[in-house]
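We call the chains A, B and C, going by the order they appear; numbering starts again at 1 in every chain.
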Amino acid sequence: MTRLLNDNTPAAWLMVLPAAVGLGAFVAVPFVLALVLSLTDLRLGSPLPVEFVGLRQYVRIFTDPSFQRALVNNAVFAAVVVPVQTGLALALALLLNRAMRGMVVFRTLFFMPVVFPMALVAVVWELIYAPGPGGTLNSFLGAVTFGWWEPRAFLHDTFWALPAIMALSVWQGLGFQMVILLAGLQAIPEQLYEAAAIDGAGKLSRFWHVTLPQLRNPLVFVVLLTGILAFRVFDQVQILTRGGPHDATTTVMFEAVTAAFTRQQVARASAMTVVFFVIVLAITLAQRMLIREEREVA
Amino acid sequence: MATVQLNHVEKVFPDGTRAVADFSLDVRDGEFLVLVGPSGCGKSTILRMLAGLEEPTGGEIRIGGETVNHRPPQKRNVAMVFQQYALYPHKTVRQNLAFPLRMMKMAKAERNKRVARVAETLGLTPWLDRRPKHLSGGQRQRVAMGRAMVRNPAVFLLDEPLSNLDAKLRVQVRAEIAQLQRRLRTTTIYVTHDQVEAMTLGDRVAVLLDGRLQQIGGGRELYDAPANVFVAGFLGSPGMNIFHTRLHGGEGDTLELEFGEQRLAVPEEAAARFGRVDALLERPLLAGLRPEAFSPAEDGARENGVRVRVAASEALGYENLVYFESPAPVFGQPAAGGEEHAAARMVARLPAAGPPSATGDSVVLTVDARRLVLFDREGKALSAKD
Amino acid sequence: MNGRKEHRLTRIRRRTAALAAGAVNYLVLTAAALLYIAPILFMVVASFKPDERVLPEAGTWQAFFPDEVTLDNYAAVFRRVPFGRYMFNSLLITGSIVGGGLVVNSLAGYALARLQWRGRGAVFRVVLALMILPLQAIAVPLFYQTTVLGWRDTYVVQIVPFVANAFAIYLFYTFFLGMPKELEEAARIDGAGVWRTLVEIVLPNAKPAFAAAAITTFLMYWGLYLWPLMVTTHEDVRPLPLGIATFRTLPPIQWGDIMAFAVMMVAPVLVVFVIFQRWFVRGVATTGMKG
C-alpha cells in the first residue's frame, strides 16, 4: 500500500512511543499481572513452587472478617463523606460565586489544604485529636457545648476513629471539589437566571430549576471522584490507626498492603486490588453513563 | 510561475460525502482564476487538495506539469491565504513574514531584505514588531498576503481572504489584490462565495455546485450566456429572472415567447443564438431575463410592454429594484398561491431617476428581449453550438 | 411628590437589603474560613512554640495566640532528621515526573489529536481505558514487578512508572483538539514538516495545557505516600511525606519539632500556590470539566 499524503505513521509512532512504553510497562502489565497473580498462591520469599489455585484467594478474602470489615468501612466512608463533602463544597461554591471583593482570597484559603500531602494532614490532625480534656478538638467541643461534651481519645475509640479519619479527609479534599463546582457555577449563563427571574421564579426555585440541572455534569464528576477516593483511603489510616482499633478503620487498600508486606502474600493482596478495581470500574462506568446521558439530553 | 491542472479529480470523504466529483480544470500560467459557488459546493476542498492538505480520492493534480497528488504541502511551492488568516499568534509580523523563508533555509541577510521589501509593498513596515493580536483586521489580512508573497511561490491559493473584513475595506483590498496579482503575474486560484469578487477579480471564473463544475469562462461570458439556470441565478445581484414558457411561431418568420397571458416578440439576433428553433416550438421551456432587461415604458404602447403590479421596491440611490408579481410562473418558486408573499415575483432594475413606485401600483415595463436566454426543461442553456 | 418620596424610600430599602445580604455573606464566609484554616494556623503557631508547651496548651487560646516564640523547633528538625535530603528527594522525584511527563504526554496527546497514522484508534482506546486505573489498583503487582527488576530503594522506581500518564495524555489530547487547525496547515504550506510545525507553531501556543498538566500531575504525586512506603527503606531516597510520618514516630515525640517539619514541608508549595493560584484553580477546574 502506498503511503497516503497526510499519513504521518512514522512520526506519530515516534511521538507516542515513550508514553506507550511507559503505560504498557507500568500500568497495563501490572494490571494483567494483578489478574494473573490473584489466581495463584505466590508468597514472596516462599521456597514452595507457585501454584495456580483458581478463585481460592477470592474465597479466602471474602470470608476473612478483616477484609469484610474493610469493605464495610470503605462503604461507610463513601456513604458519609460523599454527601457531606459535596454538600459543603457546593455551599462554599455558592457563597463564593458572587461578584464581591475578596472572593479570590476566600477561594485561596479554602483551596489551600489541597496542596497539603495527606501524610502531613494526618500528622497535624493527630495533634488536634489529642486525647484528654486538654486536646484541641476536645476542648473546642467542650466549649461550644458548655461542658456537656465528654473528652474522647478519638483515634483509639472504636466508634470515633472512623469519623475522625473521615473528618480530616473531608478537610483536605473539600477545596478541590469546591473549585470544580465553582467553575461549573460560573459557566452557567447569567441569562438563564434573568429569564427565570422574569418568569417569576424565586431564589429557591431558581436554585432547583436552573443551578442544579446546569451543574449536573460537575456534580456527577465530583460525587463519583469522591466515591472512588473513598475506596482508595490508605495514607491517613496507615499513619494514624493502622486499621485499628479492632479493625474499626481498616480499608481495602490497607488490608492489601498489609497482606503484601507484613505477610508477603502477594497473591492475596493482588486479589484484593482486583476487587478494588472492580469497584472503581463500576463507579467510573456509572459516571460515564450519567454524563453521556446528560449530553444526549442537551 | 506554473500551470495548474486538475484531471477528473474526485474527493470522497471517509464518511461518504462526495465533496468533489469528476472535476477538470486547466489554469494557465499567470492566470487569476476564481472558484465561486455557494457554501458546501466543494470549492474549498479543491483549494485544499491543491495545497496538499487533502488528498484526492481519484484523478490527478498537476502543478507546473508535475503530478503532485502524493506530495506533502511543504514540497509543492504553493502559498495560501486562509480565511481566518492563520497568523502565528506568538510571532511578530516580522517573524510571521520570515517563517516561510527560514523554512527554505534562506540566509539571514537575504531573508531580512525580502521581508523588508514585502513589508514595504504592503505598507506593513511600521508594524513589523507587533504581534497579530495588536493589528487591525485589514493589517492582519495584509500580513497573511505578505506571508504568501514573500517566497515567490509558484501558485497563490486564496481561501475567501476578504470575508473577515468590513464592506468598505473589502472593496479597497479587493482592488489591491487585483493590482498586486497583475504586477506579480503569479498563477492565482481564489475561492469565494461572493459573485462580485468573482466577477471583478478573475481572468476566468469557474462556477461550482455540489462538487461539479457548472461553467468556466470570463465574467462577461458567464453573465450573458450562463450554461444553466444555476449559473444564471447565482451570478448577478439580484440573479436572473427565470420562468416557465413556450415558443410560438408568430407572423412571418418571427418568434413569440409566452410571458403569462402576454407574448413577447423575440428579436432575430436573440433567436439566432438558440440554434434550431423549429424543434423547440410549442414545447415547455425555461426563459431567463436579467433584471436590467426591464425598463420603464415611455408613453403609449410600445413593443413588448407589460403591465405589472408592484409587490415591493427598494431604492438604492443609484437605482431602484422593483419587485413585481410575475405574469408567468416563475421557476423554482411555487406558482402564485393565496398569500401575497407567496406570489412568485420578478425583479426589475430601474433607473433611480424614474418615479418611485409604491406597493400595489400598476406600472408598464418594456422588456428588452435581445438578451433573452432559453433553457431546456432540465435547466441547460440552449445554444446554437449544440 | 409623595410617589417620588416613596420611590426613593424603596430604593434605599433595597440597597440596604443588598448591603445586609452582602454583609451576611462576608460574615458566613469569614467564620467558615477561620474554622477551616484553624488547623493550619494551629500547625504554624505550634511550630514556633517552645516544645514543652505545645501539648499542654493545645486546648487553650495559646494554641493560636502564643505568648512565647522560638525557632528552636526548626533547628531541632535539622538536627534530628535529614530534612534537606527529604526535600531534595521530593523535589527531584516530583520534578522529574512532572517534567518528563510534560514531554512524553504532550507528544502522545498531539499525535492522537492531530496526526493521521495507523494504530491511532487502538492506541486511543487503550489510553481511555487505562485512565480509570488508579495506582492503588496496580500497586501490589507493580511492587512485585519492580522488586524483580531490582529497582527498590532508588529514585528510578519512584519516577519512571509515573512519567507516562493516561490522564495527562487525555488532557493534552482535548487541548490540541480544540486548537484551530489552520495554524498547523499554514505552517505545513509555509514549508515546515511535522516536527518543525509541532515545535515552532503548536507548542508555543499550548502553554495553558502545559500549566494545567503540570499542576494536576504535581498535585497527584507531590503527596504520594503509599508507593514510596512500599519501595523504599533508606532515608537517602525517601520523600517528604515518608519523612514526616517517620519523624512523628521518632522518639522523643516532640510536637513542636513535628509541626516545624510540617511547616517547612508545605511552605514552599504554599508560596508557589498563592502566587500561581489562578493557574492552580484553572488547572483543577479544567480537570472537572473534562470528567
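Here are a few things to note about the model shown:
Following the convention adopted for this analysis, a residue touches a chain if its C-beta (ideal position, glycine included) is under 8 Å from a C-beta of that chain, and two chains touch if they have at least 3 such contacts.
Nothing here was measured: the structure is a model prediction, and the numbers come from that model.
The interface carrying the most C-beta pairs in contact is the one between chains A-C.
Distances from each chain's CA mean to the overall CA mean are smallest for chain C. Here the CA centre of chain B is 57 Å from the CA centre of chain C. One simple way to say how far apart two chains are is to compare their mean CA positions; for chain A and chain B this gives 61 Å.
Distance between chain centres (mean CA atoms), chain A to chain C: 15 Å. Shared interface positions of chain C, i.e. residues touching 2 or more other chains, are not present.
Shared interface positions of chain B, defined as residues touching 2 or more other chains, are 52-53, 72.
Residue numbers of chain A whose C-beta contacts span two or more other chains: 4, 6.
The part of chain C that touches chain B in the complex is made up of residues 180, 182-183, 185-193, 196, 200-201, 204-205.
Of all residues in chain A, those touching chain B in their complex are 2-6. Of all residues in chain C, only 22, 25-26, 28-29, 32-33, 36-37, 39-40, 42-43, 46, 54-56, 58-60, 63, 103-105, 107-108, 110-112, 115-120, 123, 126-127, 130, 132-134, 136-145, 147, 160-164, 166, 169, 194-195, 219, 222-226, 229-230, 240-242, 244-245, 248, 255, 258-259, 262, 265-266, 269-270, 273-274, 277, 280-281, 284-285, 287-289, 291 touch chain A in the complex they form.
Those residues of chain A that touch chain C in the complex are listed here as 4, 6-9, 11-13, 15-16, 18-23, 25-31, 33-34, 37, 42, 44, 92, 95-96, 98, 100, 102, 104, 106-120, 122-128, 130, 133-136, 138-140, 171, 174, 176, 179-184, 187, 217-218, 220-222, 225, 228, 232, 234-235, 238-239, 253, 256-257, 260-261, 266, 269-270, 272-274, 276-277, 280-281, 284, 287, 291.
Listed in rising order, the residues of chain B touching chain C in the complex are 51-53, 72-74, 76, 78-80, 82, 84, 86, 88-90, 99-100, 103-104, 147, 151.
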